[in-house]
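Below, chain A partners chain B and then partners chain C, in two separate complexes.
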Partner chain A sequence: MRFLRRRSRKRACVVGLDGVPFGLLKTLAQRSVMPRTAAIIGEGGLKQMRASLPPVSSVSWSSFMTGANPAEHGIFGFTDVSSDTYQLRFPTFADLAVPTFWDRLGESGRRCAVINQPSTYPARSLPGALVSGFVALSLGKSVWPKEHLPALERMGYQIDVNTQKAREDLDGLLDDLDSTLETRRQAAAYFWERENWDYFQVVVTGTDRLHHFLWNAVEREDDPRHERVMGYYTAVDTFIGEMWDRFHKGGSADKEGEGFVLLSDHGFAGMRKDVRLNAWLRENGYLDYKAEEPTSVAEITPGTRAFVLDPGRVYLNVKGRFAKGCVEPEEAPALREELAGRMREMSFEGEKIISHVFTREEAFRGPKSALAPDLVLISRNGFDLKGTTKGKEVFASTHFQGMHTWGDAFVWSRLPVPDDPEIANLAGVIMEYLSG
Partner chain B sequence: MAKGFTLWFTGLSGSGKSTLAEQVRDILLERGLKVEVLDGDVVRQNLSKGLGYSKEDRDINIRRIGFVCNLLTRNDVVAIAAAISPYKEIRDENRKLIGRFVEVYCKADLDTLKARDPKGLYEKALNGEIENFTGVSDPYEPPDKAEVVVDTAAEDEEASVAKIIGTLEQMGYIPAGDGRGYSEEEEESIKQRLRDLGYI
Partner chain C sequence: MREFRKRSLVKAICWRALATFSTMAIVYIFTGKAALSLGVGAVEVFVKMFLYYGHERIWNLIAWGKLKHPLAHLDVNRELEPEHMEELRKRLEELGYL
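Up next, the complex of A and B:
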């Protein structure tokens, strides 16, 4: 009886490719670097998608897994700032203020298997199984339920590549990407068989790491590592093909491809310069530090009127909101407008840096909007906005080759994804499909 | 904001109620909550001393435990009850009385319980040496809407405890995680990871 009921249920399978832009996916598919993906997306359904604001994985994936705006789920970045001490804090999965759609599926008896999902650390219970992704620290705290831990340990499951080593050893990074993908494959095969799931999800985060360190090798055919990097993409494609085959072999899809979803959480682009927004604020008299070489915004002077957290989150130091706020609440709207106007005009060698400026009201809707930044800036490709307090120079060069972008994530699905989608739309689409 | 709630373990003798109750108590105490456990076996030696195992006496016993749980709950204490509490009607009566009530059904099949039988009670009951033994000669009405169902015949203790704690976190009855965020050491590791990718 149970078996019959299970067969008639709809199932969904989602493969996430962290940081893969719409344009790159199309190009790699067309060039036969990703032939399986090309066949899947070939008949239509691929859409460009907006990431969250700001476009970082912690926020975007939180919006994906909840279907909510950051002002509802409460995750505004990899860091938050204490309103008392201005010290940075690092939100955990426990800070997610609303249930995931996996929790909601569980309410109707559906089970999920979710592998390498960023921003779910430490792992907590959910109806099914979870393996946390970035910024997961230890495997022991990344797995729920714990009964799966020995199997993952046996397969040598890697949470992530060694990003500390990557800077010095790019070939080592490529080896690391291959082995991490292999353990992701093994984990997917394991949970596919072990979990009685209705919703299956696995995220490949190696793509994001690759783009941070080796974007030039992705874009330039004359780069010495280009072939190797394309080989990595072909391996990712093979994995996508395996997931597709598995999904169809089990008779899981009611129609051809239905219930299978590919997506990324944000796009990527090559970068020319880091843009240190706190240095710009300092240079323009909005911010100062007590220390000569500050290590965090906790060292701003009481007279500081605004500061920035990564990547482009501007906070006004308003009385009542922050312990040492100096901006009168009634003066805040004018200051915000002034900053928005001036920052919109920032330029490098005559080239404008900022493409969009969103106010808090434009970007955030929900009960936690009071915790949101006052402005969110989005830059043009090539200019990576930073909230670092280091350095007095506004523009800096680094070893990173790629930067996150906002408007060019992608989604492929035969489900009714709205036109001009944003990542928060997908939870509702998947929920509706599985509930139908 | 109310902090108290009642965590009510129900299930047959030997199904793991007391063991899980103690483990959950220890976690909640570590998180700085005030916790009291009302174990059915202990209550029958004092608060309900003299009561037998007829339906009437069982109902009185469970109502008494519910009464104490309610007092504790409304005074911001986490009350953990671990009692067979075989009748659904009385459990639901306590649920209604207390409000902030989380039912944990410790499920285990009779074969498993007979095999465990730490007190030798099933053997005696099956031999007719004990009357009114729940699950053998007395009924047990499983809950149909328990907030948590732990299958103690199939899952290990750690998984059951995680399920219970996870549910309490999801319901907002206890702070999520360990309530302290990351340790200093973990925070340093996270900072390093974020730096490695240029996120801070």
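Up next, the complex of A and C:
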């Protein structure tokens, strides 16, 4: 009976490519660097997609896995600030305030296998199996249920590349990316066979790491590492092809491609300058520190009117909201408008930096809106917005070559994804398909 | 899982229609009186619908015997251990997120 019931159910398989922009995917497909992907997307269905606000993996993937706005799921960035002490804290999977759609599928008896999903650390129980992705600190706490841990250890499963080493050794990073992808491939094969799943998901995060450190080699054909980087993309393409074949071989789709989804959580672009927004606020008299070389926003003076958390989250230091708040609540709207106007005009060598300014009300809707930033800034390509408190200069150069972008993530699916989609739309589409 | 009031209300109406028709049929079978059967049905349909709705809402408040939500056991806003905080900070810094 169970066998008969199993066969009648629909299945879905999602392959996530962290930080792969819509335009790049199309280009790599057209240039035959990714021939399997080209064949999949060739017949249509590829759409440009908006990432979350702000466009960082923790927020975007949390929106994907819950189908919710940040003001509902409660994840606004890799960092949060305490309203009492202004100390930074790092939200984890335990902070997610709403169930994932995997939990919801579990309520109707469906099982999920989810591998390398960012922002699911530490792993917790879910109906099926989970291997947490970035920012997972140890494999032992990244695997649910624990019975899968020995198998992952035996295959030498790597959660991520060594980003500390990557800075000094870019060729070593490429080796690391290859070996990490290989263990991801092995883990996918393992869970595909071992788990009795209705929903399968695997995320490749190496693409994001590659873009942070080696975006120039992705874009420029004359870069000495260009061929090697294209080789990595071909390996990712082979992996996508394997997943596609496996999905169809198992009779998971009634029609070809139905239930198979490719997506990215945000886009990427080349980077010219870091834009340190706290330095700009300080330079313009909105913020000051007690220390000469502050290490965090915990060291702001009581007279500080606004501060920024990564990547472009502006918080007004309003009385009642923050312990050292100095802005009267009735003055906050005018201050917010003033800041939005001035930040919109920020420029570097005559070039505007900011492309969009969203107010809290525009970007967030949900019971946790009160915790949301007052403004979210999105920059033009090339200018990476930062919430660091280091440095007095607004503009800085770093060893990073790429930066996240908001409007050019992608999704490919034969399911009815809305036109002009945003990442939070996909959970509903997938759930509706599996429940149909 | 909790139920919304609307669901309890719709369930009450559905159940009442089914139960009242069966009660009317039974009364008619036992007494052979159509008017009595209709009268019992007319009174019962309203009285028991309210009772059923109240009964559902009270049971909805009782957790015993319900499937717990998978997130129910989670300690939301749990703080990380200090050494993990430091490691996390380092990882985020390595990717330029801090």
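Assume the second predicted complex is superposed on the first by the 436 of 436 C-alpha atoms of A that agree within 3 Å, B and C clash if a C-alpha of one lies under 4 Å from a C-alpha of the other, contacts with A are read in each partner's own complex, and residues count from 1 in each chain.
We adopt the following convention: a residue touches a chain if its C-beta (ideal position, glycine included) is under 8 Å from a C-beta of that chain, and two chains touch if they have at least 3 such contacts.
Keep in mind the model is a prediction, meaning the values are calculated, not measured.
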Task: Overlay on chain A: chain C relative to chain B, clash or fit - done: clash
TODO: Report for A:259: first if it touches chain B alone, second if chain C alone, otherwise both or neither.
DONE: neither
Open item on the list: Contact-wise, after the overlay, does A:107 reach chain B, chain C, both or neither (first, second, both, neither)?
Closed with: second
Open item on the list: Per the contact definition in the header, classify A:146: touching chain B only (first), chain C only (second), both, or neither.
Closed with: first
Open item on the list: Touch test for A:133: chain B only (first), chain C only (second), both, or neither?
Closed with: neither
Open item on the list: Pick the chain C stretch that clashes with chain B in the superposition, from 4-12, 22-30 or 76-84.
Closed with: 76-84
Task: Doubly contacted chain A residues - partners chain C and chain B - done: 56, 78-79, 88-90, 92, 94-95, 99, 103, 124-126, 134-135, 137, 163-164, 166-167, 209, 212, 274, 310-311, 384, 386-388, 398, 400
- [ ] Using the touch rule from the top, collect the residues of chain A that touch chain C in their complex.
- [x] 56, 78-79, 88-90, 92, 94-97, 99, 103, 106-107, 124-127, 134-135, 137, 163-164, 166-167, 209, 212, 274, 310-311, 384, 386-388, 398, 400
Task: Parts of chain B lying in touch with chain A, wherever the complex brings them together - done: 155-156, 158-159, 162-163, 165-167, 169-170, 175-177, 181-182, 186-187, 189-194, 196-200
TODO: Quick one: which bits of chain C touch chain A in the complex? Just the residue numbers, please.
DONE: 1, 67, 69-71, 74-80, 84-85, 87-92, 94-98
Task: chain B-facing residues of chain A, complex - done: 56, 78-79, 88-90, 92-95, 99, 103, 122, 124-126, 134-135, 137, 144-147, 160, 163-164, 166-167, 209, 212, 274, 310-311, 384, 386-388, 398, 400
